[in-house]
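Note that chain A is present in both complexes that follow, paired respectively with chain B and with chain C.
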Partner chain A sequence: MSANILEVRDLQTQFNTLDGVVRAVDGVSFDLARGETLGIVGESGCGKSVTALSILRLIPPETGRIAAGSIKFEGEELTTLGEEEMKRLRGHRISMIFQEPMTSLNPVLTVGTQIAENVVRHMGVPWRAARERACEMLDLVRIADARRRLDEYPHQLSGGMRQRVMIAMALSCDPQVLIADEPTTALDVTIQAQILQLMLELKEKTGTAIVLITHDLGVVAETTERVVVMYAGRKVEEAPVEALFTEPLHPYTRGLMRAIPRLDIEADAAGTRPRLQEIPGLVPRLTQPIPGCAFAPRCGFATGRCAVESPPLLDVGAGHTVACWEVDRVRASAL
Partner chain B sequence: MTAYIVRRLFATLPVMAVVALFVFFLLRFAPGDPAAIIAGEDATAEAIAAVRGKLGLDRPMVEQFFVWILQLAQGDMGVSIFSNLAVTRLISQRLEPTVALTLSTLFVAVALAIPVGVVAAWKARKLVDRLVMGFAVLGFAMPGFVLAYILIYFFAVQWQLLPVQGYRPIGEGLWPFVECLILPSVALGVTYMALIARITRASMLEVLAQDYIRTANAKGLATDRVLLLLALKNAAVPIITVIGIGIALLISGVVITETVFNIPGLGRLTVVAVLKRDYPVVQGLILVFAAAKVLVNLIIDISYAFLDPRIRY
Partner chain C sequence: MSSQSASERPVLEVEGLVKHFPIHGGLLQRRVGAVKAVDGVSFTIARGETLGLVGESGCGKSTIGKTVLKLVEPTAGRIVLAGEDISSLKPGAMWAHRRRIQTIFQDPYSSMNPRLPSGTIVGEPLENFGLSSGRDTADRVARLFERVGLRPDAMRKYAHEFSGGQRQRLGIAKALSVNPDVIVADEPVSALDVSVQAQVLNLLIDLQEEFRLAYLFISHDLAVMRHISHRIAVMYLGRIVELTDKRSLFMRPLHPYTEALLSAATAPDPKRRRQRKHIVQGDVPSPANPPPGCHFHTRCPYAIADCKVIAPPLIEVAEGHHVACLRRPVGGDPGPLSVSS
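The block that comes next holds the complex of A and B.
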């Protein structure tokens, strides 16, 4: 049995739009070990959600497709798996929670039904038993008075509670992998912390590996063990979380770090703090193939080679890889 | 909920009063005189006046109105000017064919339109969808009576599978009853079917793009459960609304269809009564139609609460 439960290799997911083919995910690879928490970070539109949807093969077939690459779950290739087998996998062995707890639950069904239908579908148990399981799950995600809540509708619950219900639903069939796509982005900061804490605790209990997709580096620092940084559909850096925060090696990762508001920087005499440094320029359009490094036009370290030749992933040791030609200069410069 | 229903039922009273007021005075302001029709074409002015006096039509209009309202309050709709039969009796005799035709049309239309609309939305922009929507446009554009004659020509005259026209009460056996209703229901229902199918498709398409459908798919639920339960229940409110509006369309459609298929229902009674200016009968019929419409609206409003838990009365 391989140590990795999920292995993604050179994934390419494309969408047909009126402007041409968008390469939303352009050759991304990563592994997920059993019971591990992996963070995928990047700004909006970098392809992190599409990566998640690709793993579950939920890319809408009318507009998008997985063009190339391999996704292996427990050694089984998912990109060529039949739709029926895929359906048996979804919600059972790999499940997913989404960003918008307000709209991700069906408004006309009780939360009990929505959790139980998953259990009935995948565990083959009768409804009565599935309802009991749903009740247990609501208890597990610490919703008070679970039995009464089973018969409530999503609109009767707050945003944080709905996300708890989503988690209860996702974990109801003991999945090996939980993909959480911006699970706390739509929530208040205090609720965010509770939900993240809950996810980590449940992970400890159940051994579920988690792919946590977020644009929030703070969330990554607190919850994940390893981080993949994506930019314009490509993986630009991957590192254990401490290494990434102590020594980010890709200029883009460094840019992201500098854009985090910090309270530990002293204000000057006039009471103003130094302005946050944004990354200059804009995310490139993904309708045209990008020959070199996608970040080159916005990068202070870029040379002529960066614009024409795509940098390979360079292993700098201790599980830290980075796709940058100028990594030595980046490393030498101050953070 | 009960309080709401009671409140709504009381609210129908003023509606019915307005309907009564309008139907009464509009009929009397319209040209045509039942007394002249009874007295015959060659009747003298005196003869007509005599008939009018006998019928009470010479009394002041307001007085006639209040006499009628008082009768109504006692459950009496008056007596037909021509047949001398009680209006309530005339209507109750003709009620069964019309109710049967309306319900069977509703059944045919809804039973076909909703699955077709769901499939069209599911296979949106594919061949099935284009075919379905093509037929919907055709069905919507074709007048019911034209279709009625086409159906009669093929199914009754050429292939002799179904009766040309007529009506058999359900008391005479189920198949004779159903047999007579098939063609009229289809002829009357096609427009209606097209309308419901289009709304079902539009409503389903909107629902299928929602986040909770993505959640359902991420749970690996079977396609039929996602489409038929999760999505359709969310899409139901606009569909039910259109079904309700359609019942108003049906009432006018029934008049034509009953005439084409020679069905002795309220529609034909209405045509005859209007042509003869049989005031009490027309008034009674309009009130019955209005009451039916109000009742249907109430049922539809109540059904919303069952379909969508966010709606509470």
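The block that comes next holds the complex of A and C.
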């Protein structure tokens, strides 16, 4: 049995649009170890959500396709798996939760029915047992008065409670992998803290590996063990979470960290407002092939080579890889 | 505040502001109750100052913004803009004052006519208020574009041709065009990616210093708030629970809800992950039916019996530090509270 439950290699996912073919994911590789929490972080359009949808083969076939690459789950190739087999996998061995629970819950079914439905489908148990399981799951995600809540509809629940229901449903069949796409972005901060804490506790209990997709570096820092940073459809850096935050090596990762206002740094004197460091420019359009490094036009370290030659992922040791030609200069510069 | 002379009157004064939205129900759609969105809120903002309003969904922060802009009529209370009471002005009479108070929205796209070139959108307020016309407007719009970091030749482009950050620059240019005293900014950077968010925050700070603008800055993001604000008001279910300069708020939060908010905020530092003191449990109660007494008592680890019946007033417990908590009396110990005495 391999240590990795999920292995993604050179994944390329493309969409046909009126402007041409969008290379949303452009050669991304990463591994997920059993029981691990992996963060995928990046800004809008970097391909992080499309990566998640590709793993679950949820790319709408009318517009998009996995153009190349391999996704292995427990050694089994998912890119060529039949749709029926994929259906047996989704919600059972690989589950997903989304940003807005209201759009993924059925408004006309009670939450108990929705959770039980999944259990009946994948575990082949009778309804009565499935409903018991649903009740157990609501209890597990700490919804008070679980038995009564089984008969409530999604609109009767608060946003935080709906996300708990989504987590209960996702974990109801003991998945090996849980993919969470911006699970707390729509929630208030106090509720976000509750949900993140819950996810980590459940992970300890069930051993489910988590892929946490987010734009929020704070969420990544507090919940993950390893982080993949994406930019314009590519992986630009990967590192254990401490290493990423103490010594980010890609100019984009560094740029992101300097651009965010910080709460945790010693409060400045009242009235002074230090400037945030901007990343100049815009993300590139993904309809044109990018020959060099996608970040080069916005990068202070870029040389002529960066514009024409795509940098390979360089292993700098201790599980830290970075795709940058100028990594020595970046490392030597002050953070 | 360095830019504020002691004698100068605040450019915006809000006193005892109340906004109730009626709830209708039953067969005849009679009034059966009210959502107390804003329930007696007072604050002032000086020229060149940013007051941040922070709180979770449903706390009434956006309603305050809309009421101050007179997009929503206040139920009670006074709004004084540059010395003039605008709280009871009818729309016609309000017109003359609109130029002084402008707004920036979270999603500028929804506030822009998709069929007009961006230059026309930004120039409209100038012509509406008769501040310029024709060639003169075009020149002023071009200067505004440059000031907010857009190329003047982009004036011919339509809103959909801009990125999110550029659209927010358009929104800022439009708000700025009529030379206002106060700008109400409701979550202006929440929809933006962090790299673009930094650009917009820097621009807002530069413009404030250049034009001595007063900002009422509404956000749920504490880090953004701390970056841009001079003073911050923390809201919970329609009331201000704490109001002070940002340094004291972050160094020495006195209200248990502020403490809970700060403790819940994530920080981009993996070493901090186990340092959380406590995570406040439960959900925000419905503003249609808030708990009696202190609204926060249902979630507050320090609540005492009185908190369930007495609504604590917002009082100044230390210089410039206002807090609405029975356990934080004037001159009291600013140290940590003990759980239920």
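Just so it is clear, the second predicted complex is superposed on the first by the 327 of 335 C-alpha atoms of A that agree within 3 Å, B and C clash if a C-alpha of one lies under 4 Å from a C-alpha of the other, contacts with A are read in each partner's own complex, and residues count from 1 in each chain.
Throughout what follows, contacts are C-beta pairs under 8 Å (C-beta built on N, C-alpha and C of every residue); 3 or more make two chains touch, one makes a residue touch a chain.
Since this is a predicted model, take the numbers as computed values, not measurements.
When both complexes are superposed on chain A, chain B and chain C sit side by side without a clash. Once chain A of one complex is fitted onto chain A of the other, the partner contacts of A:Ala3 are absent, as it touches neither chain B nor chain C. The superposed model places chain B and chain C at 80 degrees from each other around the C-alpha centre of chain A, with the value given to the nearest 10. With both structures placed on the common chain, the touch criterion links A:Asp216 to chain C but leaves chain B unconnected. Ranking chain B and chain C by residues of chain A touched puts C first. By the touch criterion defined above, A:Leu58 reaches chain B but does not reach chain C.
Of the two partner chains placed by superposition, A:Leu18 touches none, neither chain B nor chain C. Fitting both structures onto chain A leaves chain B and chain C with a minimum C-alpha separation of 8 Å. Those residues of chain C that touch chain A in the complex are listed here as 1-2, 56-57, 163-165, 193-195, 197-199, 201-202, 205, 220, 222-224, 226-228, 230, 245-247, 250-251, 260-273, 276, 279-281, 283-284.
By the touch criterion given at the top, residues 56, 58, 62, 86-92, 95-96, 98, 100, 103-110, 117-118, 121-122, 153, 155, 166, 169 of chain A touch chain B in their complex. Those residues of chain B lying in contact with chain A across their complex are 124-125, 210-212, 214-222, 225, 230, 233-234, 307-310. By the touch rule above, chain A contacts chain C in their complex via residues 43-44, 158-161, 188-194, 196-197, 215-223, 241-242, 245, 255-257, 259-264, 267-271, 273, 275-279, 282.
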